[in-house]
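Common to both upcoming complexes is chain A, partnered first by chain B, then by chain C.
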Partner chain A sequence: MKCYLISAKWCPACLIMLQRYRAFFAHQTDVDITIIDYDEEPERVKEFAVGSTLPVLVVYIDHQETQRIIGEKSLKQLQRIFSI
Partner chain B sequence: MKRRILRPLLVSIFLMLVGLSFIHPVKASTPIVVHYFYDESCTHCQDARAFLDALAISEPFFELNAYDVKMAENTALFNEVRTVFEKRHAMTPMIVIGGVMLVGFSEQTQVDILSLYNRYLEGEYVDVVQMIIDGEDIDPSLIESIRFSPGDYVILPLIGAVPIDSLSLSLAAVVIGIVDGFNPCAMWILLFLITMLVGMKNRVRMWILGLTFLVTSAIVYFFIMFSWLNIALYVTGITWIRILIAGFALVFGLGSIYRFLRKLKKRDEGCDVTNEKQRRRIFDRVQKIVTTQYLLPAMVGIIILAVSVNILEVACSAALPLLFTQILAYNQLASFEYYLYILIYIFFFLLDDLVVFMIAVFTLRVTGISTKYHKYAQLAGGVIMCTIGFLLMFFPHIIMFA
Partner chain C sequence: MIYLDYSATTPVDRVVLGQFYRDVKTYYANPNSQHALGKEVQAKIARSQSRLSQLLAIQNHDVIYTSGATEANNLALLGWARKHQSSGMHLITSPFEHPSVTACFSQLVLEGYEVDVLSFDADGRINLEHLAQLIRPDTTLVSIGAVSSELGIIQDVASIHHICANHPHVVFHSDVTQAVGKIQLDLNLIDLFTLSAHKFYGMKGIGALIKRHDIVLEPVLFGGSSASLLRPGTPPAPLIISLTNALDIADAEHKSRIETVSRMHELLVSRLKEIRHLVFNSNEHSVKQIVNISLPGREAKAIQEALSEHDIFVSTQTACATKQHRSEQVFRLSQDEARATSSIRISLSHLTTESDIDQFVTVLKKVAS
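Let's turn to the complex of A and B:
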């Protein structure tokens, strides 16, 4: 599973979710998270057609986008989304 | 024999006690002097004069001394009285009864004058203005408050005795300051700066540049609030301005509550991307400053950045500090007390920034404050603004704590 996390240094929700995603996927060896900075990599951000709310986690399985999680989510919500 | 002496003695004592009980304990054998400072051109002064003249006729112990502050012989006394009462900004009409100064004239002032007159009729009365005229030294304990008699204190654990009036204003400063601090406008630039500093892994540089940013922000905020307070002090007596500010508070408060309700419906809560051009320009500046090799130019850069960002962002979070300065203006305080309450407000306004900064310095990890706290702070801010707006419009005397 390949995940792209579009986040920004000035965004409190991004900082919270960055740590939360790391903890959430810590024990899953098949998950690879790439962080894309909203301000430093605008061209890459454009590819993901991100809206006006950050952070955005785009999940790919076999090169297909399967999930898009926008904004701040609790651990419980993440468990529900990923059915863990 | 004993009975012959004892009985008339007991009867005499009883009759004496009965007689004494009919004597009404009126303390004021001397009149209560009301010192009234006025200006011919001030309309509130004319209303005050009519009220005071009526009292001078109806109340036997009420004596009125009026001073036109435009007359040279009264100007010095006017200034000296304001200095002694530590209310150098006080304007006319200004009324001093005993150890209490009342500034302005409203229905509440009329109630205050009567309650002071009755308080001094039955209690200790010292004419402070007469003492000033006589050139006597004024003990600060003689200066009193209208709402609370000396001795009206609450005992707080660890802190001890705190006057009720200062407690109310301190509490307002703490609560409104904290709610204002959760405003995300004030937070984003600090987070970006901290993230850049954490990346450099130099704690000393982090301390110096981070604290420079926070202290400069505090100073800028202080000057902004101080300027608003000075304007507020001059316009508190003008009814239409009070109603205008109350209307402004109600509109902004309802706007905040509406935005909170909209966020409740929103499925995905996070950071809204706005003002991209301005943000990129500021980020480029921060990057340049943080990567500057020498500390002094970096500090100067941070100071300039903090000043410009705080001035730019003030429109985003103006409502609460503006209303707080309005509350301060309604409470006639000594100059140092105004500064003190503004400092308390700013400390609590910056408290969440300080916490985030400290965590970053000690752990070298940047933490954000959850969106849900910002959301509820928006609701709290809205409720506070509506409450103050409502009170300012209909019951302005309630927000006069002191």
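Let's turn to the complex of A and C:
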């Protein structure tokens, strides 16, 4: 599973979710997360057509986008989303 | 023109500006120079710094002048965390911080630090029990702003100090930028604090990190010894003096300024209540200078633009975080998307008049209808 996390350094929800995603996927060796900085990489951000709420986790399986998780989510919500 | 964005920045006080103009012409020598003029400028800075410490009523603190609070926050947070990495890599902050604080923590997370973000009550006040629970043996720093920039909520600095003081390995940093000149605060309760002159009618381009003598930081800028090893570069003597001058005036006029602001706040709040569906996001714990409201169903940007067309200036969020179309702080507090996307911050000053408020509310009513 390939994930792109679009986040900004000044955004508190991004600060929280960066660590939460890392912890959530810590034991899943098949998950690769690439962080894209909203301010430093505007061209890459454009490719993902993100809306006004950060952060955005875009999930790809077999090169197909399968999920888009927007904003702050609790651990329980992540467990529901990923059916863990 | 009606300016109601004083929490973003303030106009420079005329006396401060006049003195600055004279000082620029008089104290232009490099205070690091060993000739008589350089030494005179150095002495002037020392006197100004001494007066600043007196005005802030601080003991045992060093002043490191910076370009503003953003740089000061970077030096305090990155400088402390990196210097004390071997003691621990766990840090604690609040979700209501200025972007310059949050961004430092994000950077530190990328460097391998762990950052916990505190929970809060319905009024946006930090959950002190949560703070006490979160502190671990490897925690080295707690950073909580005294007054939040968007909602103006005042945090309980004394209680935060007492919790941190129970853990000698933890220092307490507070961004007091929105508190200086607005509320009385015992700054001796804070190990490191940061401020910026342009928030209290001083010049842009000058701020300070003020830290307890015994606190050791790693520099984030390099360039040799100057006024401080932590902040290389030629000290801008006229700006340094102007910071003290602005604070001197703010101190002398504090009572009358607060009286005027309180009166304007009361008038504004009572008039805003005439607008149907308007919701207040700031509350009784907010400073009188900041009134944050929402008009659910309207876009904040559209409200701001409509007001701007009438020469009335307010802000939608902290000026440094306007890329998102909603206020993170309002959303966090209300969990209401409609409120977060329609919130505007009105910030008052002793310069605000009844006529300003009357015209503002009249136009806002039209915008809201």
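As a convention for this text, the second predicted complex is superposed on the first by the 84 of 84 C-alpha atoms of A that agree within 3 Å, B and C clash if a C-alpha of one lies under 4 Å from a C-alpha of the other, contacts with A are read in each partner's own complex, and residues count from 1 in each chain.
Keep in mind that, in the parts below, contacts are C-beta pairs under 8 Å (C-beta built on N, C-alpha and C of every residue); 3 or more make two chains touch, one makes a residue touch a chain.
Nothing here was measured: the structure is a model prediction, and the numbers come from that model.
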item	value
Touching partner for A:64 - first (chain B), second (chain C), both, neither	neither
Partner chain in contact with A:29 - chain B first, chain C second, else both or neither	neither
Touched partner set for A:55, first chain B, second chain C, both or neither	first
Touching partner for A:83 - first (chain B), second (chain C), both, neither	neither
Footprint overlap on chain A, comparing chain B with chain C	8-16, 19, 38-39, 52-54
Chain A-facing residues of chain B, complex	184, 187-189, 191-192, 195-196, 268-274, 279-280, 283, 365-372, 374
Partner chain B, residues of chain A touching it in the complex	8-17, 19, 38-39, 52-55, 70-72
In the complex, chain C residues that touch chain A	95-97, 99-100, 102-103, 105-107, 109-110, 114-115, 117, 320-321, 323-326, 328, 332, 341
Chain C contact footprint on chain A (complex, rising order)	7-16, 18-19, 35, 38-39, 52-54
